[in-house]
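Naming follows writing order (A, B and C), and every chain is counted from residue 1.
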Amino acid sequence: MRLPITKTPKPYVGGAFIRSESGRTFPLKDAAGNFFAHIPQCTRKDLRNAVEAAAKAGPGWAKRTAYNRGQILYRLGEMVEARRTELIDTLVRFGATKSAAAKEVDACSDRLVYYAGWTDKYEQVLGNVNPVASSHFNFTVTEPMGVIGVIAPDAPALLGLVSLIAPVIASGNTVVAEVSETNPYPAILLGEMLATSDLPGGVVNLLTGFRKELVPTFATHTHLRGISAAVGEADRKTLRLGAAESVKRVHFAGEATDWFSAKAQDLYAIRDFVEFKTTWHPVGA
Amino acid sequence: MSILTSENKRPTKRSAGRPLPELIFGDLWEFDPAPETADPKLKPRYDLFIGGRFVAPVSGKYFDSINPANETKLAEIAQANAADVDAAYAAAQKGFAVWSKLPGKERAKYIYRLARLLQDRAREFAVAETMDGGKPIKESRDFDVPMAAAHFFYHAGWADKLEYVAPGRKVAPLGVVGQVIPWNFPLLMMAWKLAPALAMGNTIVIKPAETTSVTALKFAEIVQDAGFPAGVVNIVTGFGDTGAAVLNHPAAVKVAFTGSTEVGKIIMRSLAGTDKKMTMELGGKAANIVFDDAPLDQAVEGIVNGIFFNQGHVCCAGSRLLVHEPVAAAVLAKLKTRIRTLRVGDPLDKNTDIGAINSREQLTRIEKLVASGVKEGADMFQPACKLPTKGYYFRPTVFSGVSMSHRIAREEIFGPVLSVLTFRTLDEAVEKANNTAYGLSAGVWTDKGSRILKMSTELKAGVVWANTYNKFDPTSPFGGYKESGFGREGGRQGLLDYCKLV
Amino acid sequence: MSSGSNAAFRRLFNEIGTVDQVGIEERVAKYTTRSIKKAAKVQGLKLAVTMVDLTTLEGKDTPGKVASLCQKALAPHDGLDCPQVAAVCVYPAMVRHARRALGEDTAVRIASVATAFPSGQAPLRTRLAEVKAAVADGADEIDMVINRGAFLAGEFQEMQDEIAAVVQACGDATLKVILEVSELETYDKIRAASFLAMRVIRPGDFIKTSTGKTSLNATLGNNQVMIEAIRDFYLETGTPIAMKPAGGIRTAKQALQFLIAVKETLGDEWLNNTRYRFGASSLLNDLLRQLEKEKTGAYQAPYYFSEAAESY
């Protein structure tokens, strides 16, 4: 019998697969209790590096055409669909039933396609021309905020993460995400799909590790312009306290969020992480 | 640009020995005082407005409201404590049960009434606003009051069209909203806060700034005259502790604050343990960027309007002028010429361009920052205008030779003080403009259309004025990027900050 | 417009800068909010009277009409301590009649619209002959029109050469160069034409808005563009150019607004009739009405004032 080659799980940061700068890992067991792999225990410095990578990628991503961002998100949907079996097997290995796993993976690819379609439309719904009472042409457009911190729910590990990331990058933001603490491996796989989906390196950066260690840095890092998090009350307070120091935008997914429902995906998730810019210009000759 | 960079061309163009030509802005034809004489109809003492009635504060305490133009007492204002704020929220909760259930078209008619009643009493309110805050009567008459009425008029029409606010979703009012507003546009900020909240079906507890409570309380009379159900609008006056009580009250489901970034951060910290929704409209340090192909005289007018409007007490004031080097000398010369014709003085005089600084405290802060500018080596220009002997006044001030590290280039001065910096390339202009924690507004002056759109895209600011400055409209969303706050006021975007999606 | 004229205008705009329409109209709107009261008002009204070029430019003008206009110029209104106007402004054929009515020994000047006014569409030699004839008949001032066709085609040299030729023909007479702003399309071009004219006329010569014969005449906006051009030219060269808005200024209130613009743009040295004039016919009587009202406190019916057009 052939001995299988095991994979070293590495999170995807700055377009590369990294180990934690600290060299620390934590062991991950599957649902049956068997050792699976060592997962990097990312630190606040890894978070800092990820923010740097995201900031570097930001301007280029924001300047991509909406059409191009849509194609890339759609491509990501294709990647998830193409590795559907592998993802389902992984979710099952970490405790999901076969049917629940299939439902989650399908919801993921559908969700990516949903947001892929929004990239060149949300502006038309959220922005507008304003009929000001003077000789000026006045219009309001949206712009991405910058680097957004995402803290994904522990479960559903894959769908929760995808649901928080997709609307944020659809508008040209870049993301530093902490993935499910209890079930990190699906996010490792997602990183591999991100790497092969034409998404520029640094647009999405995934960190594995512990909430306790990373949440305070998410809270206080002033280069993060927004936080989208599915966390409990204590973490919400920590994040809001930190947000106060640099007037950061924070949005929380409620604990009761049904990630499979239609309401878990909509235009207003994109709106939460755009800025509105209003430009005035005289109309004259 | 021979005309515009005249400094170095003069010797060749003009015969030697003749003095430099100079314009004389003297008193050959001096205007007589033209005071606005309408009666502001002030009461000697103002109580709190809770549950549709004026009620005395629980503590029985009142404080004086001072006219900053002459340091005389204008009226006594009730000082609300936590018990008063509790009463206001209780009234607002009762009011919510009625107000939120009214059909939108009925709410609309109430709000239209506010607009009309304010228009009816416009001059009276303008005079009161000027006496209370020190702003020139021509601004309160031509801007603050009509714009406040316009905000009510615009938002009234939304009240029965809310299904169009958020395509794809239904909206519902939030409940009781707590609001704290600043002293720079007392009535107008109140309109910005009340109008969208009311249109959405929320009820309100609002606290005006302690130095400028008078027009808010006069507005309470309008709320009464409009026949509003009791408790829909509640006005509590007092100092910072009253404001804190308003924002931290457990019954407030949403808070909206306009004021300094410093205080905004304190509020955000104090609410960190709650799930209250927030809108923050905070400070700014806007760059006003003039390119060499700009229509320079209009740019100068925009610069003047950008920094001296309302004595510079404007969060979006164009306090950093970035000038393209080829026209820097010309712009500065034109600017100084223009400033020499500004009239500083009695805010009630219809010809006054720059009125009184809002308070002794603010005057001291401006003086300190200006002193730091001088100390750090920037060149200061002030026109030789006469100032009244009583009251809080400050000359329009321009600092040139300012670098990005100077305090006057980084800190919000909130006064009639402009810092002038120069740039060589578009990229440098963008870098300097964005090199700040603020991001409220910016100005761009150029004749080239594509450059305007490029700059508008690059500038991290919520409002970009191209070839104009300090323009406002109820239909136009206003609000900042970065540490200038979040949420928008005005337009469809502003409305959405006062509802929940269901 | 041909590409040649485009290039010519582009070069000129690069030198002198452009004007934003909405911006300048916002600027002048501020003049209209100034409140002029009491002594300042009387002073302003009297100043305006001294600046009036009392004008009649009609095909039906007769020596008699001109004579009575001259009488009005010399003594605007009985019983008012009122100065004389700056000048009367008439067609060349009327100059000698005006001179006869005013006499030689008068401070009231005679201005005449020469150069095939208002179109300017006559051969240059004809226009120059007309100027010389008007001066010979006793005109102190010549109001000429520019060659708008040449200007709009970007043929600036031709336009300037013609102005220079008229300057020569004027001799000692003061020249006023009418841009006819309503035909120049934009504020940018009004500024451009102002500069081109100022570069070939003499200190103390005027630039003037309009003939009064087209739909749009002097406005606070085009007045502002021109006085800003005068200011910039003065600060660059030291040469003071004078200004005359003409047509459309009918009320005392308007005149005061124009004077406020002068006060706040050019300053005290332009607040006199060697540097600023109003080309107007009905303005004078409204100034007089307001002066009388300031004196007596009673509002005045128009027909109390001589030469009034209003008879109702």
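Assume a residue touches a chain if its C-beta (ideal position, glycine included) is under 8 Å from a C-beta of that chain, and two chains touch if they have at least 3 such contacts.
Note that the coordinates shown come from a computational prediction; the quantities given were computed from them, not determined experimentally.
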item: Most distant chain from chain C, judged by the mean position of its C-alpha atoms; value: A
item: Of B-C and A-C, pair with higher C-beta contact tally; value: B-C
item: Between chain A and chain B, centroid-to-centroid distance (C-alpha), Å; value: 37
item: Rounded Å distance, chain A centre to chain C centre (Cα mean); value: 69
item: Chain B-chain C separation of Cα centroids, rounded to whole Å; value: 42
item: Multi-partner residues of chain A (at least 2 other chains); value: 136, 282
item: In chain C, residues with contacts to at least two other chains; value: 20, 22-23
item: Where chain B touches two or more other chains, by residue; value: 467-468
item: Residues of chain A that touch chain B when the two form their complex; value: 125-126, 128, 130-134, 136, 138, 140, 143, 145, 225, 236-238, 240-241, 243-247, 249, 252, 266-268, 275-282
item: Residues of chain B defined as touching chain A within the complex; value: 150, 166-169, 261, 264-269, 271-273, 275, 280, 282, 437, 452, 456-457, 461-468, 471, 473, 475-479, 481-486, 488, 491-493, 501
item: Residue ranges of chain C in contact with chain A within the complex; value: 20-23, 25, 185-187
item: Of chain B, residues touching chain C in the complex; value: 1-4, 6, 9-10, 13-14, 18, 20-21, 23-26, 28-34, 138, 142, 293-299, 301-302, 333, 337, 341, 350-351, 447, 467-468
item: Residues of chain A that touch chain C when the two form their complex; value: 135-136, 282-285
